[in-house]
Amino acid sequence: STKAPESGGGGGGGGGGGEAADVQTDIGVEGETIRLGVLTDLTGVFAALGKDITNANTLFWEENKVCDTYTVELDVQDTGYVPQTGVQLYSGMKDNVLAMQQTIGSPINTALAPEYEADQIVNFPSAWSKTLTEIPGTGVVGATYDVEIANGYSYLFEEGLLAEGDTVGHIYFEGEYGANGLAGTQAVAEEMGLEVIEAQIKSTDQDMSAQVTQFAAAGVDLIALTVAPGQLASVATVAEAQGLDVPILGSNPVFAPGLLQGPAAGWLKSHLYVASPVSAFDANPETLEAYEAAYPDATPSLGVVVGFGMSEIMKQVLDAACENGDLTRAGVLTAFSELEEVDTGGLVVPIRGYETGKSPSLENFVLQPADVPGGAKVLAEAFQGEFAEKIAG
Amino acid sequence: MSEATATKARRSSAGGARPLPGTARGRSLLKPVLLVLALVVMLALPLYVEEFWLRTGFAVFGAVVGAIGLNLLVGTTGQLSLAHAFFLAVGAVTYVFVSGESGGIGLADLSGLGLPPLLGLIAGVLLSGLAGLLFSPIAARLRGIYLGVASLGLVFIGQHVLNSWTSVTGGFNGRSAPEFSLFGFTFGNTDPDLFVLGVPFREAERLWYLGLVLALAAYLFARNLLRSRAGRALQTLRDSEVAASVMGVNVQRYKARVFLVSSMYAGLSGVMFALSIGSIAPESFGLEVSILYLAMIVLGGLGSVGGAALGAMFVSALPLIFQRYADTVPFVGGPGEGGLAAGEAARYLFGLAIILVVLFEPAGLAGLAGRFRRKARDPGGGRTTSRSSAATSSSTTSVPSDPPAQGSTT
Amino acid sequence: MLSIDSLHVTYGGAVQAVRGVSMEVPDGKVVAVLGSNGAGKTTLLRTISGTLRLHRGRVESGSVRFGETDLASRDPAQTVRMGLVQVPEGRRIFGRLTVEENLRAGGMGTRDKQAKARALDRVHEMFPLLKERGSQRGALLSGGEQQMLAIGRALMASPKLLLLDEPSLGLAPRIIGQIGEVIAEINRQGTSVLLVEQNATMALGVADLAYVLDVGEVSLSGDARALAQTDEVQRLYLGHESGTDPGAAAHVPVTSGKKLSRWSA
Amino acid sequence: MSTASTAGADVRRDIPPVEIENVSVRFGAIKALSEVSFRVEPGTIHAIIGPNGAGKSTMFNVLSGVYRAAEGQVRFGDDRLDQMRPYQIAGIGVARAFQNIALSGGQSVAENLMLGRHHLTKAGFIAAGLRLPKATREGKVHGTRVAEIAEFLELGDKLHTPVGVLSYGDQKRVEVARALCTEPRLLLLDEPVAGMNAEETARMAEAIREIRSALGISVVLVEHDMGMVMSLADQVTVLDFGRRIADGTPAEVQRDPEVIRAYLGSGDEIDPAEAADAAATGHHTGHHTTETPGTPS
Amino acid sequence: MTQFLSLLLNGVSLGAIYALIALGFVIIFKASEVVSFTHGSLLLLGAYSIARLSEPIGFFPAVLVGVAITALAAFLVERLIINRLRGAPVISLAIVTIGVDIILLTELIRRIGSDILNVPHPWGGGSFRIGDVGISENRLIATIVAAFLIGLFFLAFKYSSWGVSMRASAEDGETAALMGIKQGRVSALAWVVAGVLAGVAALFLVGSPTPGVSPSAYTVALRAFPAAILGGLDSTGGALVGGLLIGLAESFAAGYQDQLLFLGRGFGDVVPYIVMIGVLLFRPSGLFGTRELTRV
């Protein structure tokens, strides 16, 4: 049989070849090349985000090496945001990759969690839900959604845009992302005696008239959102039309630069506050330049910053493993768990380390839409809000 | 047939009564030999083929089971159903709930019964069947596209339940599915470690055999069913309910039964789906899934069991394979390079394939396969003979051009 | 007017339904076609009206011409516009349309509003029932009523050549008589008729010429009256052994004398 | 009724009479049947005739449970047909051939006929799916009988042809054969010879006669071919506008002026041209004045 | 009360858009007995074309061209595919439209990408207010246009031969052809009209209060489905009533979410289907659909 000898060897394939002979390797390292997997979405609902992050990943690894020795190759596969496809594609790539640079989508991350665990895979999801922190080896790139939104509230309270005992309307997607954000709102509400009106929607709902009407009727003082840009735009137009002149607080996936071309632009620039784990382009002009040089046709979103950030963290993990002389999967996983105080040069909020079940960071930026490249300016640099500690566990 | 026209024979009484063979088509030795060969290949495959293919294979087996079930309902009985995804979900969720453990990751506080997976599988099949049975009185009132869209409602209701009933379904993120095991033998990577001819038999290899057995059983059961008394009753139901009832068929009961059987198939398919992915999530049971299953049976050839299997293979494997070997396909660029993404190319190809098959081979893949088979049987045979055989046997699969039982027209 | 020349038609490339049939429908005449079940009568009409393709049938050789035009490549709608209208076998009325709408559908081939109004009057006069039941759904008519509707519908197009496939099917004797009259009447007004019939009495009564089809071939043809006297037609189509007492027809064992046993499981 | 005796001693014991009493059926304003009563004696061939739309097929629909009668009763022995569902009626041995062909066009003649065996066989989903021996055996036994019946109705060589491609006349034969395949005690035939020529009609008539005498069952026949009806029927009921206007032996009915007016018409009205042999008219107008109904051979 | 009225108006105006799309379904179904799954992507195509063309050629020309493009696409689908499949089973026809849909949708999503394309409606995002109750101007115009178009088609079906031809050829193509009905033309025209309707619906759909053209505009067609069915697939008036019912049900279910909590959050999305199933149970062919008739 053809299969017997190949995998019967049990991963001696790399055998620690190449010059760095003192570094131990097993799967996904060949000579001076490391292969990392990417399960992204290039054709599904999150295609736009997926492209930006993946491009940034690619660009990053074109310019960086692990331990100054190993070049990194990405095995990019497109799941179309379908778990079944993700699982299949992972089974196809898992014998060739050392770790996962990127996996898009909570459902796919959840579906693959047991596999990742069994295969000792270090993985960076491009989602910030709390569940992901429960998967060993999976590194959320910043604070989880609940912490994030709570930090947003802190900012609003500080700026006097919201007061104790106010009423808040929260529109959220069904599922992890939305629920996680809502949990943040609820936690804050409990502390500050806010009254919360909840409205759950599906990602395909585009028309927020009914929800905003309901909020207006209840006289809310703030609209909180854990939804997508489309819904944000609708909320803004309807709020404007109904004269519901209150701030809008969103977590990072809520905003896309494209919104500034739409009719809601004016309202958004004056009313929207985005709590985000990554900084805006105006703080990182060189990132944007590099990206635009490489992909002249693209209109970059903040996904680019996320992509660079997660690659930077991956680099730090791999560097550490390499220094430990152990670029095996187990070695990488160890390096990942031992990580402390990751600084990505201001791209991503500081990471305090990865511990199962805990938000990897307590900090957030606050951004606001503006006519700058990337569409947003930084209102507040990374900071830790008053509620973060408690929620992050 | 052509003889009847060639000789000027009046209806002759010669020959007397002949017993009626189940299928009186000339059967050559070729067929059983090919079948055995195919089986041997299928059995030996895990020794040679890498995990990606085996996993794809298992996914295909699961789809085959589901497609055969849907075909019984839609192709054979003419009950258009878009609810298949719902019944798949019932099977999958039941399995995961019955055999899964309480607890789990994330916010979700999952509950599970922790019973043996075999029980989970059986419960999944039964409960799914029950769901079908419960829906059948509604279905009995509706016809054609009305039934189709009403059944679509089930999918959306199902999605809602899947998303809301977190403790059982795991909610939006879903929950992971327990490994299958049979009397202590697990279908996982270890426990026991297994080597056959030096090849490690891990989860993918083990599941392949499980899938093979289940799909084969599902296939044989459906094929036998169609050639039987019950199968005929179902087919008549499709053509004319009144005629069927006047001929003694209890229409309501048969409709209920076919819903039962079809959704039991779906339930089994759902369990296999859960095993194949290792987890379940609402996304996996959306409208697209129902539509894909319909595509399977239409592409395969409505009403043909083998066709359903072929269609399932085509629809479920094609995108995966294409995705995997995207780099070797022309015009397809990497991300950000401006070209087509592989996934997009796969979707184009898939859409195109659907259109072409329906346009040029109305009897579906089954019809296509039939044509090849006939070619193989009389290679290079005279034009007339091959054409004549085409005419006689294609009629068993194709839809007649003038259905005689449409009430108003005859 | 219509001429068919050594026509061969097959279904699915295998079933030879029509084999070398030649036939003429002269201007202004009524031509009857007789033949047993499966002789190819319907197939012949399908070939003329261009619906053969819809049944996976094909003209292998031979020609069908209507005046100067070859009908081979025409589609049915074109054929209708040329003035050929067919009443299909087995009624095929539009069950979901009302009687009135069925008649309207029949007139779709012509633009001439006046002609349509006249045709409608004539149809209503011929089958008063169709007027009474104008708003009833076609599917709910009785078999014979449907047949009347099918004939009426075809008349709405005021055709030059009317092709009728068993118009007497399922009609009461009195109505069959009327149908005969109607055909004669239509013919008098200048429409040629090709009439496929099992009711040979009626058919031969109104026809000028007749053909007998036997398993796809013309076995007899000629003047309708003359044909009615031949032995074969007398025996097979008019239902009596020539020369014997007509009443005895029913007793002559024309069957193969098949026996049926009782069933015991 | 003297006609009952014509069936001779061959009448099966278990064939009760059909008693139709005051049956009415309405569709909105249309009275398809109003207070129709008649009785079908065991073992007879009973014809129902009448103009188009008189309610003949509606009567069949009532007898086979497809329509519910608004009023009245239909008894078949101890069974109340007006209260039973179609499949139950089939179960007690009432079979029907449809006027408007209702066969499964895509299936072969054999399969269509096997449907007729439905209520005689038992194999359920499980037995069939698993191919239990008892299901296979059952299929074989009944297959033989189906082939026999097909042969009897001259369909032997078409057993494996899809019904959809048969000519109209052959499809009608399949209709009759399928009804026969249910081994009925009461056989309802709705225009069985529509679309058949004289010779074919005579053969079908012969077959019906044989069915009645060989099986000893009752046959109710709706037909517009008067020659056939008059030579075949023991008893004739005439409907017009949903009402029964006559009932009696063929000879009686034919003379009934009401029947002549409503249905038969006078001879010259029917035969528009004198082209054909004048005797031919007899075939379609029922001038069998001297003829008594045929005794089964 | 204000909330109720707002939701009512909102539901009606949303329903008008559904009705436009549903009418497209109905027309296609009437003419060719095809249940068109292509409608979602046609809708998106219309929206995309209008959005992309607005800048270079101006809004109103863009609307004209965009609607024309949608109609052309529908026409091509009919000519190249549906026309060749006369007499195929309903399910096969539905599946083939799914094939088209997959291709078209993939291309459009690829083109739209991450952007939310803005359509610069001259009537902007303003709202029309009566007292406390407001409705977006865009929706108001949509409602008027929808009412006008639906009325127009209602009359066309009733008084022209087109309706009869359509239904005849849908029911029995062969016989219709024997009556001289040019089936191809009837069906092509129906598709073109449905395309136009989809284009018009798209124009309003992507205006305020929805954010602009994003791939999920596609899913709106899935809600017009129950609308068409609920009204009766072969009924023009049914499309209107069905559209309004679904629009209202959705609006109220979302607006009164808190009162419906016992059914689970996000129940609003299921409501159209529940309403539909409920109606079908009592009227199996929809509110105004012709009942299936079988006689033997």
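Going by the order they are written in, the chains are A, B, C, D and E; count residues from 1 in each one.
Throughout what follows, contacts are C-beta pairs under 8 Å (C-beta built on N, C-alpha and C of every residue); 3 or more make two chains touch, one makes a residue touch a chain.
Since this is a predicted model, take the numbers as computed values, not measurements.
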For chain D and chain E, which third chains touch each of them?
B, C
Shortest hop count from chain A to chain E along touching chains?
1
Central chain of the complex, centres being mean CA coordinates:
B
Go through C-D and A-B and name the pair with more C-beta contacts between its chains.
C-D
Label of the chain whose CA centroid is most distant from the centroid of chain D
A
With chain centres defined as C-alpha means, what is the inter-centre distance between chain B and chain C in Å?
46
Using Cα averages as centroids, what's the distance between chain A and chain C in whole Å?
75
Chain centre separation in whole Å, for chain E relative to chain B (CA means):
32
Residues touching two or more other chains, restricted to chain B: which are they?
1, 11-13, 163, 240, 242-243, 246, 341, 344, 347, 395, 399, 401-402, 404, 407-410
What are the residues of chain A that contact at least two other chains?
43, 47, 51, 174
Which residue numbers or ranges of chain C touch two or more of the other chains?
11, 15, 54, 90, 92-96, 139-140, 256, 258
Contact footprint of chain A on chain B as seen in their complex:
47-52, 55-56, 59, 105-108, 163, 170-176, 189, 197-200, 204, 273, 276-279, 281, 283-284, 319-320, 323-324, 326, 334-336, 338, 341-344, 347
Which positions of chain A touch chain E when the two form their complex?
43, 45, 47-49, 51-52, 174, 197-211, 213-214, 217, 229-234, 237-238, 240-242, 256, 258-259, 261-264, 299, 301
For the chain E and chain C complex, residues of the former touching the latter:
86-87, 161, 164-165, 167-168, 171-183, 290, 293-295
Residue positions on chain D within touch of chain B in the complex are 64-66, 85-87, 89-91, 95-96, 98, 100-108, 110-111, 114-119, 121-125, 127-131, 135, 138-140, 142-144, 146-148, 151, 154, 156-157, 159-165, 171, 178, 182
Give the list of chain C residues in touch with chain E in this complex.
49-51, 54, 75-77, 80-81, 85-86, 88, 92-97, 101-102, 104-106, 108-110, 137, 139-140, 153, 157
